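Two complexes, one shared chain (chain A), two partners (chain B, chain C).
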Partner chain A sequence: MANQDENKEGIGGMINPRRYGIERVAYLLMRLSGLGLLAYFIGHIYETSSILKGQIGWNEFLAITQTNAGHAILAIVIAMCVFHTVNGIRVMLGHGGVGVGKPARPDYPYIPASQNIRHKMGIYSAIILAAIAMMYGLAVMFGE
Partner chain B sequence: MAQTPTLAEESGSTPFSSSQSITLRIARYNPQHDSVKSFMEFQIPYEKWTTVLEAILEVKKHFDHSVAVRYSCRQATCGSCGMIINGKPRLACFTKISELNSNVITVEPMNNFPIIRDLAVKFDRLFDTHHKIKPYLIRNDTEITTNTKEFLQSPEELEQYIQFSNCIKCGLCNSACPTMATDSSFVGPQALAQAYRYVADSRDKGKDNRLKIIDDSHGIWRCHFAGSCSQVCPKGVDPAMGIQLLRGYMLGFRS
Partner chain C sequence: MRESIIMKIHYGTALAAIALVAVHILMRLTQGFAESLEYDSVIANYKFLPYAGMLEIILILLSIHGFNGLRVILLELKQGQRYEKAVSYGCVAAMITLIAYGSRTIIMVNTGMT
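After this line comes the complex of A and B, so read on.
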């Protein structure tokens, strides 16, 4: 009954991107890409540690990344990396109070200045650049 | 639990004479004896100016007086009637049925607040966190003892915080916040925006004191600038802006 009593939305509410516009979509993608990159980082350390087993072990492990599934995972990693970087720069600037607008007397219908076109452009740019980078990665890996 | 009586049966007793009607779904939940939320449905006629609060009050008047809802001013000033209306936190008195563009209106208690009953939620934590950031001017002198008698302020200095003093403590921002959805200890956008309101006030001398309070693992650093708080604010406060500007002080971007 504790959760019901507190009436918290929980993780389901936190990751629901449908109600609050592109900013909430960016919030979700930032979290997913962060977790994905963390998982990749751990996997990458594990993979590179296989060199301790000698050249054969290293080559066997490296062969996994040369499969179709390996290429697809690497393409997703490229997209996550680009999105996380570009959107991260936007968020870091915002966290410093840069580009969030200036306080002023609000007029109805109260369009929040912090959700301005520069931030929206930043989010769309991050998504588009991530898509381009992923497609380029796919073209390089599958294009041979 | 569904009943669909119509107001037409109550002829002459309703102020709404429109032929248009909506289905109003009201969440019912009493934490003392219910284990899950249920919904009751009512057919309510409406005019283009009818608000969701008026529709709920029609239900109380004609169908079920036991529906629990908190309200007072009916003009978006008291901040009492915040609730989830068709999935988003809004003030019931400030939301017209006609602007929702839906034949079904679902009202639920605000998320991230403990439920008292039905649509009424507890505000204890909101008021506690609001009080925690010391929502008053901090100075050593007072207007009574100082020679100037009043603390003068230029219009430009007023502009720095006046937007944030519009807060009516309705809790919609806390209900929309994704961090509040999972972190029970987070200070929340309402209190953080109010911290900025006083930090930015040229008459206030308690900046360091307040920054110390919010410099906590469940304080300002848990805000990730999703901006949902600003999108639901019915008074144009823009808590997301206040929080980022406040963080600018802590990161040294502002002084």
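After this line comes the complex of A and C, so read on.
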């Protein structure tokens, strides 16, 4: 008898953004941005601890981050932060039953009521706002 | 703890962190971005007790939210009694370590132990 585990796609299935529309892309971006932000947060805690080494230690560490690459990474962090926040609020509202439609008899072609235009607009808004915030961040960092 | 309660904590920490992180970022924009990161400016921020307290709260909120998020992702990937226990305890341990390390910086700078 075939093992049930054969149907599990593992990480490959988890990171595959195809087949299920923009909601699946949002699912992937939410996890990627979450992991990215956690990595940045840990790095940020470590980075700020360099202030305990005094002014020289702080300036040395700051010099590493105040480069073009450092600014580019920070711009990506800003985009991840905005997307994760806006999409997170959408997910919270959805879990609370806001904007998921009313229960109805399932008729062909069985379109899920929760995957409606309001939530799709929420996802696209999150992506657009993240892009705008990233551009603003780049303008602030490279504008000086 | 029940998963429904954990998710409420996850959402609560997220909403609280949004407000406090917004204040933290706006503090960087009250001066020029580069000036706000100068040594004296950062030390002054840490020595201002309400701000230091806010940093401590942000540290706790984001550590809880971040490591619970990591736990959720890892549990989506694989299930099993031993695996789930290892992931949950591992995430709690990492969370406590990060909070302790970040708190050490905040307390030492705030009390002038640099």
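Basically, the second predicted complex is superposed on the first by the 137 of 144 C-alpha atoms of A that agree within 3 Å, B and C clash if a C-alpha of one lies under 4 Å from a C-alpha of the other, contacts with A are read in each partner's own complex, and residues count from 1 in each chain.
Assume contacts are C-beta pairs under 8 Å (C-beta built on N, C-alpha and C of every residue); 3 or more make two chains touch, one makes a residue touch a chain.
Note that the coordinates shown come from a computational prediction; the quantities given were computed from them, not determined experimentally.
Undergrad: Classify the contacts of A:Ile51 with the two partner chains as first (chain B alone), second (chain C alone), both, or neither.
TA: second
Undergrad: Should A:Tyr108 be classified as contacting the first partner (chain B), the second (chain C), both, or neither?
TA: In the superposition, A:Tyr108 contacts chain B only.
Undergrad: Return first, second, both or neither, reflecting whether A:Gly43 touches chain B, chain C, both chains, or no partner chain.
TA: Once the two structures are laid over each other on A, A:Gly43 reaches no partner at all.
Undergrad: Name the contact category of A:Val98: first (chain B only), second (chain C only), both, or neither.
TA: first
Undergrad: Who touches more of chain A, chain B or chain C?
TA: Looking at chain A, the partner in contact with more of its residues is B.
Undergrad: Using the superposition on chain A described above, determine whether A:Met14 touches chain B (first), chain C (second), both, or neither.
TA: both
Undergrad: Shared contact residues on chain A for chain B and chain C?
TA: 10-11, 14, 95
Undergrad: Which residues of chain B touch chain A once you look at their complex with the stated criterion?
TA: These residues of chain B touch chain A: 29, 31, 35-36, 87-88, 109-115, 121, 159-164, 166, 176, 178-182, 184, 200, 224-228, 230-238, 240-242, 244-248, 251, 253-254.
Undergrad: What residues of chain A sit close enough to touch chain B in their complex?
TA: 1, 4-11, 13-15, 19-21, 23-24, 27, 30, 91, 94-98, 100-101, 103-108, 110, 112-115, 119
Undergrad: Per the contact definition, I'd like the list of chain C residues that touch chain A in the complex.
TA: Result: residues 7, 11, 14-15, 18, 21, 29, 32-34, 37, 39, 42-43, 46, 59, 62-63, 66-67, 69-70, 73, 76-77, 98, 101-102, 104-105, 108-109, 114 of chain C touch chain A.
Undergrad: Show me the residue ranges of chain A that touch chain C in the complex, using the header's touch definition.
TA: Listed in rising order, the residues of chain A that touch chain C are 10-11, 14, 31, 34-35, 37-38, 41-42, 45-46, 48-49, 51-52, 54-55, 58-59, 62, 66, 81, 85, 88, 92, 95, 140-141, 144.
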